[in-house]
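Naming follows writing order (A, B, C and D), and every chain is counted from residue 1.
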Amino acid sequence: MSDILFRSLLELGDDSLILAQRLCEWCGQAPSVEVDLSLSNLGLDLMGQATLFLGYAGEVEGKGRDADRLAFHRDAEQFRNCLLVEQPNGDFGQTMARQFLFSTYQLALFEGLVGSTDPRIAEIAAKAVKEVRYHADISADWVIRLGDGTEESHQRMVDGFDWFWRFIDDMFAVDANQRALIDQGVLVDRAALRPAFDARVAEVLAEATLPAAQPVWQVGAGREGRHTEHLSHLLGVMQQLPRAHPEAAW
Amino acid sequence: PALIAAFEARVAADEFIEPKDWMPEAYRRTLTRQISQHAHSEIVGMLPEGNWLTRAPSLKRKAILLAKIQDEGGHGLYLYCAAETLGTSREQMIDALHSGRAKYSTIFNYPTLNWADIGAIGWLVDGAAIMNQVPLQRTSYGPYARAMVRVCKEESFHQRQGFDIMLAMANGSPAQKAMAQDALNRWWWPSLMMFGPSDDNSPNTAQSIRWRIKRETNDELRQKFVDATVPQAELLGLTIPDPALKWNEERGHYDFGEIEWDEFYAVVRGEGPTAKERMKARRAAWNDGAWVRAAADAHEAKRAARSAAAAA
Amino acid sequence: PALIAAFEARVAADEFIEPKDWMPEAYRRTLTRQISQHAHSEIVGMLPEGNWLTRAPSLKRKAILLAKIQDEGGHGLYLYCAAETLGTSREQMIDALHSGRAKYSTIFNYPTLNWADIGAIGWLVDGAAIMNQVPLQRTSYGPYARAMVRVCKEESFHQRQGFDIMLAMANGSPAQKAMAQDALNRWWWPSLMMFGPSDDNSPNTAQSIRWRIKRETNDELRQKFVDATVPQAELLGLTIPDPALKWNEERGHYDFGEIEWDEFYAVVRGEGPTAKERMKARRAAWNDGAWVRAAADAHEAKRAARSAAAAA
Amino acid sequence: MSDILFRSLLELGDDSLILAQRLCEWCGQAPSVEVDLSLSNLGLDLMGQATLFLGYAGEVEGKGRDADRLAFHRDAEQFRNCLLVEQPNGDFGQTMARQFLFSTYQLALFEGLVGSTDPRIAEIAAKAVKEVRYHADISADWVIRLGDGTEESHQRMVDGFDWFWRFIDDMFAVDANQRALIDQGVLVDRAALRPAFDARVAEVLAEATLPAAQPVWQVGAGREGRHTEHLSHLLGVMQQLPRAHPEAAW
């Protein structure tokens, strides 16, 4: 059972870690200084979540790997994040579309995990849920602002969301092995979160005057370590230094 | 002239000049240039550190670095606001930066080549900035002085974080120690250049001191920095790349070698090793973000129009 | 009708049809679609392998891969030329690709996730391509058949190189062997899909065979591929991800499981996992290069004008 | 002395290796298929040179490092290439400006090295000089074509060359320790090649209707391992796999 818990904690930690890394790529490149700072805020929150979840994952695994070891010394196929978070930033609109979809999902998830029967998970979720509520709000604001802004910004948001529709099911995928942990109340059944997610996305898209989610072929399976081409590039950058000096402490 | 006399008396009495107060045009101009240059330095200064953010070697170091860079952006914002109180808009200042009319600190035109550079920037560059900035907490222009109080508090925090990176690497593997020494070798002289030309070649210093825009000369500050930093390098077990460096018992200060002024002036002219990269990155960020700023404005206008219609 | 009869007689006699010969419009249309689709596949096919070119793990592998991708570009060029003999310009074909009207092989809409994928592409994808293409060396349209002769020679070379990468990894460290197995797991089914829909769902096959555009049905070719590849996988010590796979003594062939046709048709519709990336890359290359092509034309015109002026 | 020869061979090999890697980045992205193939040709030639020079360097060093070990397991500060070759591709014009400057330099160098008193160097140079003559020609053709093409292409070439003027001296830099090898005829005195280089560059720029080389502050010292920020990013990509699996054979 503990290897399923380990894997599930990787899912939680890797989602936050990989998205934080993407947000780091924006540093110094955002449309205004204010936006730059705001993206840094999101990134810092996500990095904090990743550190806690991966740290706990390492403890559960019991092989002496800490959060850094897990973050910097796994290959792409060992990462369990959903495909959405590893997608490239694209323009600011695409970044906000990704953030809105992910934070909306993550908010529903953490609202559930606050009641986890695993006290460590409940504790991390309790801290994170406030952060994520803010992420979901601010990204929804941007989706609305840009969707219902200029003609150009509207089109960019259409294109931005278009990149992501194929990755929605993947975010909610549950492995059969995780059922027992769900039944014990350790994990949340992600599938059960889907209707609320769909409703919220539809609501914000409507307010943003954007077309509804597109029903396209769904690409899996980030949770099983089958990623898109983008993840190994991201990891190549993120892990460059620790991989070159595997025994160094920083 | 009565106005000038009153102004100069207030400054001499260490009173703060506030935005609505009368001030000489030259004072306004000098301050605007200095504060906006300082603001630009904070913003451009995000880039050399950002170059290693995605490659920071641990989660903790990455979070600390991201928070630090965020602080710098925040400093840029306070300083733009302080400069705006003198009557120049942020757009105008940014335009001056992108067109090359406005300057920023020469130091940010040097490259960050390994992770120890992030340590060296915190330790040396923020260290030098603090030397420059501490006296500015008592500068004569109120908004600037108040911004500097906040900036200085955070900078000294950054300096300790930078020193901590250097310490970890200087006590790390041979490769890490070599990186730390390499970083010191490359950042030492550019840090000394941060204090500007020597007093002999700094004709505006006297005026700035009289106006309490500056409170110490370039060479005085540079000496202070050297005196404070040499013992820190010794603590790290690193060698400062200056064969002329030695303690002068008589002066009670360290003597040090001559700065390569040719290089300094080339960098001031915008020919620094990484100047093209920095300006390209800033211009790209600004231009690529134009549609976002336009959309935000358009949405705001729509929203206001809808509110007005609803209220009518 | 007399023309048609003569044409069909020549085709039935395995004579080559040449560009200046009369041919039915449907034949021309079908061939143009098939050859341009094949050309597009070569060009788009450069991308999944290009994804690992900058990360190839040895100098030798990098050089081999670069030369291989270059060959594919070359194949694309021959095939565009062959298609042009049917009266459609390269610009028109590229435009059809970029607007989504023209297709390319579904296989290139799958991602390359580790270095073993480069091996798997050579071994399986080029292997499947060869199965498809060898009969095309005797296809009825002369320029196409001659292009295929050259293509096939190089493809079999590529297939051996791909197998060689798989062999090195299958005999390498546990991590390398895992990558090789992972690559096989991911590329097996998409490779089987390369032969197209099953014969029941391939209404044009009969006509194409009559015209000698095709010489074997999709299912026949697929079976050949499976029969040839299973022993190679055994040689590598890798497991083909199909529990239904087993030798059928009676048929003298391997039985194998059902293809996920839903996925196949989704990928054909342009909803493959990496379809957006591929089209984005191709469009970007084309659009970013527009100024270069325009400049080359402009320079050529200037040069011609100068020659003419000099001659006058 | 052998450590100076080792270092000098690294200079030769690293120049070719790093530029080949930059050309690999173009693969599938060039303005036309023909140009794509042409860039691959240049890349293949350069990779071949790199393999020979680095292989010989490894032998001279005598510590059991082969060309792959040298290419994939050194950090940025151990690379001895000139700064020019590590510069980002920019647009196609910038890539051609870089290629023209480098190939013009390299042609002069290899024409000299053909007569090296070290037979291995002479042999490699004899093979490479024919390749490089073609590189210098084809890149000069592109500089002329784009400089004297449209208004847009002209401006792009001005901007393209502008990025590089600060790195010219660096290409020709000679270390004092290399003097003995130059005196023995093993190496060529790069400084002596400069006038011919300057003349050829001036000639092609004039034909291309482009402004002459700009006298700007010169940035050093790639030959001493002080690079620009770009090199470590390039190496992060190039070395990703061998660094993650340091003992694997491929």
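List of remarks:
The rule is short, and it goes like this: contacts are C-beta pairs under 8 Å (C-beta built on N, C-alpha and C of every residue); 3 or more make two chains touch, one makes a residue touch a chain.
Remember, predicted model here, so these are calculated numbers, not experimental data.
By number of C-beta pairs in contact, A-B leads over the other of B-D and A-B. Here the spacing of subunit B and subunit C, counted between their Cα centres, is 56 Å.
Centroids built from CA atoms put subunit D at 35 Å from subunit C.
Residues of subunit C found to touch two or more other chains are 55, 175. Within subunit A, the positions touching two or more other chains are listed as 75, 232, 236-237, 240. Annotation, chain-chain contacts: A-B, A-C, A-D, B-D, C-D (touch as defined at the top).
The touching residues of subunit C, counted against subunit D in their complex, run 43, 46-47, 50, 53-63, 66-67, 69-70, 73-74, 76-77, 80, 115, 165, 168-169, 172-173, 175-176, 281, 284-286, 288-296, 298-299, 302. Per the touch definition, subunit D reaches subunit B in the complex via residues 75-77, 162-163, 166, 216-217, 219, 226-229, 232, 236. Across the complex, subunit A meets subunit B through its residues 17, 21, 24-25, 27-37, 40-41, 43-44, 47-48, 50-51, 54, 67-68, 71-72, 91-93, 144-146, 148-150, 152-153, 156, 237-238, 240-242, 245, 247-250.
Interface of subunit A with subunit D (complex): residues 75, 232-233, 236-237, 239-240, 243-244. Remark: subunit B residues 51, 55, 111-114, 175, 179, 182, 186, 263, 266-267, 269, 271-274, 276-277 touch subunit D in the complex.
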